[in-house]
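There are two complexes below, and they share chain A, which is joined by chain B in the first and by chain C in the second.
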Partner chain A sequence: MGQRVAIIGAGMTKFVRRAQETGKELAWQAAKAALDSCGLTLKDIDCISMGCAPDAFDGVHMKGEYLSDGSGGWRKPYMRHFVGGGTGVFAPIHGWFHVASGVFDTCLVVCSEKMSSCHPHPQGAFKTIFDHTTEQPLNPTLIWIFALEYNRYMQTYGISKRDIALVSVKNKKNAIDHPAAHLPMEITVDDVLNSELLAWPVNRLDISPASDGAAAIVLAGERTARRLTDKPVWIEGVGWNLDTAYWATRDLAYPRYVEKAARMAYEMAGIKEPKKEIEIAEPYDPFTYKELHHMEGLLLAEKGEAPQLLVDGVTQRDGDRPICPSGGLLGVGNPISAAGLMKVIEIFLQLRGEAGKRQVPGNPTCGLAQAWGDLMQIGTVIVLKNR
Partner chain B sequence: MELEKMKLGATPLKESDLKEGKVLSLAMTPDIAYAWDNGVAIGRYLEELKNGRIIARKCNKCNRIMLPPRMFCELCWRATDKWVYCKDTGTVNTFSICYINWDASRIPKGQPPHIPAVIHVDGASTFMGILHVLGEVDPDDVKIGMKVKAVWKKPEEREGSITDIMYWKPLRPAQGRKTAGRR
Partner chain C sequence: MALSERIERNVDLSYFEGKIPVNYVYTYGLGLENFFRSIKEKGEFLASKCPECETTYFPCKVFCERCFAEITNNYKVPGTGIVESFTVCHLNMDGSKKETPAVVGLIRIDGAEDCVFVHFLDISPEKAKIGMKVKPLLKRKQDRDGSIFDIVGFKPM
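Moving on to the complex of A and B:
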């Protein structure tokens, strides 16, 4: 590989239900903040890696082009990336390729999302995710898929809704300390179980909120990174993997594609025992059970074991393996692509010791962020180290 | 750098800010229509549904009998070999009891919920599930592993659609055992 790549700066907007700013303006705010954080200007940036979710959410065709100016992309090599919910980790993976190859020395990664434009809600857009001939005539809602997967996961390993609800309690509480959070809350397991039942086993508080927001990071090759910062955070491994779009033919209890993505990233990063070496992680948590499902796919827990780690407090911020210390999508919010990049930023800050009240104890040296998307079929993984 | 020390962008709006005209917005409903070609494999699948039968496609290399049928095997990356009829019975792999409609509107109290399920159809390979819905069953009686049978529209009402199967019902009536309920 051409060169080692570090994250040297980061920025983001608040995540809110509906922002006055357009997607371009949000992208600009986050990108400018990221450049300011490491003392660079757009002139210092060689290329742009942009991530955003389906065009249908905005009603803007070719959203990559639409968001390109706010992302600093004009008159530069610019690429838009999109793998549904997996986008927020996919965009930095591709920024890494640009710099690791040696073709570019710096890359600005920007993810921006307006979930509020599809008004009053994006269900009509979500419906088109299903196969138009064999599934859409059944009038599915997106929640069906998650409810079906949640139920299969629960039944396969004998897990209770009560244990899974604890993910929401933990993450919304963690989000209280996140300055950008959309839905920080102090709640109980019973609050989750008693919230509106949408599609058993999914209650309202099992689901992350749809948000507007943007996030950005700055990547640099090793020499430049060392010149610009004392605390570079290295991207040591990247991985992604796509499973079948015939989602009903998969083993819904286990995200095999996430395991494949993780193994790719671990091999690159020289990680042999993820349970010991990954000290802190931000698995994708758009729904409560997904955090647990993904911990297992990432080999951070045995199959069916993640809920017990949660119940035992292992995944709390002060536990042995903090999971979603940011507050995750459930607490910080879910502007699709920006939510994934927010997770990368959280690990970056934690490894620099700059996570404020969210800082986990023990000076972690190695962490991971992961996202998930398309038709519940892609895993995107990035492994970061601070030395 | 710490997020706490940065001025974070994004100005939150309230619903009332828009209603009261404090900020302006523009609304548009796209006027677009599509006609999707069914293709070769799904075209035949739908024709057979109209005949009251479920047809799959077999790959002779991996020996999978695939639903929905496909003209190429995505794993062996070769053309599939032959058509194979399945039964109209199957097993519930997973299910949900859904109290909202596709557009997020709520099902009125007293009306039955939707029961979407992944059904493994008999005669297709293991794990060849399709998305469909269950009916003629009390939501509390639905179980993973339950055997079900397709309930078809009358032949003259079928139109070559996945909805020619109205729903799947339990192969055997409930045994009078009641579960605790899921609400």
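Moving on to the complex of A and C:
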């Protein structure tokens, strides 16, 4: 490996239902805030890693090029990539390649998403992620995938909707303390169960909102990072893994691809016992049950055990293993790629002790962020440490 | 942090409308051409098995995603299967309420057990169960057009 890589700065916009700013303006706001946070300017940046979701959201094909100016791409080595919902955690992994290789010393990682341009909502764009011959004619919505997986997960382990609904209660409450949050709320389990039924077993409050927003971080190689900050947060492990191209055939009760991604990241980070060593985590939570599903795939809970940890309060911000202290996608919002990077930023802030009212007790030293996407069969994982 | 005001309704912002003007003409491909032709002409379902790792595929395929072997032989399966999971959909694509909720199932196909197929279940929502046996319901031969809707859905056995 060329060199160790640290995150030295971060910034994000507020996540909102409908931003007046264009996607590139959102990108610029987040990128500028990230640079300002570590006292750098664009000319200190060697290269850009840009992540954003389907081109159809903006109706601009070659969306990477469209967002390049707001992302700082002018006359720089610039790359855009897209692995669906997994993009927000893949973007920093991608930036890490650039710096860890020793080819570059600094990298600005930007994720920007404007979902509200799709009218009345992006389901038309989501429909066209499915196979055009066997699936699109059925008019699938994205919610189908989750409802089918949610049902199988409950059935396999005998989990109740009531227990799963607690994820929404916890995360939306955590989001009250996040200044960028789109849907912070104090709600009860019954509120979730009584909210509009969309596709059984998924109710309205089981789902994160479609949001507009952007997030950015600055990466630096070890010498530069130590020169620029007293509190570098090191990227110690990265992993990603893709399951079958035939989404219906993957294991619905257990995300094997997340486990493979996590094992790759743990091995790189020298983590032998994730349950002990990962003190804080931001698993991807676009739907309630996914937080639990992903905790199990990340080996932070035994199979089928995550709901009990939730019920027992272990995953609360002041519990033994805080999960989604940011408020997650359910509370902070889900501008797809930016939501994943928001999770990385949360771990960065928590490990620096700079998470404000969201700060978890106990001075955590090691955490992870994870996202999930493509046709719901990719896992992306990043492990961060503050020493 | 650069924070923008929350704006909930698009009428609060000036806006204009747009669309992506694209239409498509798809081919079925080498694998699905056989699959749909067989249903249309004979009412028979084709699966395939990788000659190297024995992974089964439904609908039939011409290569194996696991070991990359070419698959040259297809075989008939009855089309029956077991419901792996299901959902009851209450909304249309545009977010409006469906008059009758649609039941969508994931069906593990008998004789091609590595594969799970997504289609509608012809059953009332309260009777749907994970683990139930189902069989495909085909359109009348003269009405078949070689699309996925030659299979109307799957119904309980």
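Some points to look at:
Keep in mind that, in the parts below, the second predicted complex is superposed on the first by the 387 of 387 C-alpha atoms of A that agree within 3 Å, B and C clash if a C-alpha of one lies under 4 Å from a C-alpha of the other, contacts with A are read in each partner's own complex, and residues count from 1 in each chain.
The working rule: contacts are C-beta pairs under 8 Å (C-beta built on N, C-alpha and C of every residue); 3 or more make two chains touch, one makes a residue touch a chain.
Note that the structure is predicted; figures quoted are calculated from it, not measured.
After superposition onto chain A, partners chain B and chain C are found to clash with each other. In the superposition on chain A, A:Gly356 makes contact with chain B only, not with chain C. In the overlay built on the shared chain, the residue A:Asn203 is in contact with neither chain B nor chain C.
By the touch criterion defined above, A:Gln316 reaches neither chain B nor chain C. Of the two partner chains, chain B is the only one touched by A:Gly9; chain C is not.
Of the two partner chains placed by the overlay, chain B and chain C both lie in contact with A:Asn151. When the shared chain is aligned, no partner comes close enough to touch A:Thr87: not chain B, not chain C. By the touch criterion defined above, A:Lys127 lies against chain B and chain C together after alignment on the C-alpha atoms of chain A.
Comparing which residues of chain A touch chain B with which touch chain C, the overlap comprises 11-14, 16-21, 29-30, 33, 59, 119, 121, 123-124, 127, 132-135, 137-141, 143-144, 147-149, 151-152, 155, 179-180, 197-202, 244, 246, 248-249, 252. Residues of chain A touching chain C in their complex: 11-14, 16-21, 29-30, 32-33, 56, 59, 61, 116, 119-121, 123-124, 127, 132-135, 137-141, 143-144, 147-149, 151-152, 155, 179-180, 182, 197-202, 244-246, 248-249, 252.
Contacts from chain A toward chain B in the complex involve residues 9-21, 25-26, 29-30, 33, 37-38, 59, 119, 121, 123-124, 127, 130, 132-135, 137-141, 143-144, 147-149, 151-152, 155, 178-180, 197-202, 212-214, 244, 246, 248-252, 349, 352, 354-357. Put simply, chain C touches chain A in their complex at residues 1-10, 13, 17-20, 24, 26, 28-29, 32, 59, 65, 84-95, 104, 106, 114-120, 125, 130, 147-149.
Per the touch definition, chain B reaches chain A in the complex via residues 1-4, 6-13, 17, 23, 27-28, 30, 34, 36, 38, 42, 45-46, 66-68, 74, 93-104, 116-118, 127-133, 139, 144, 161-163, 182-183.
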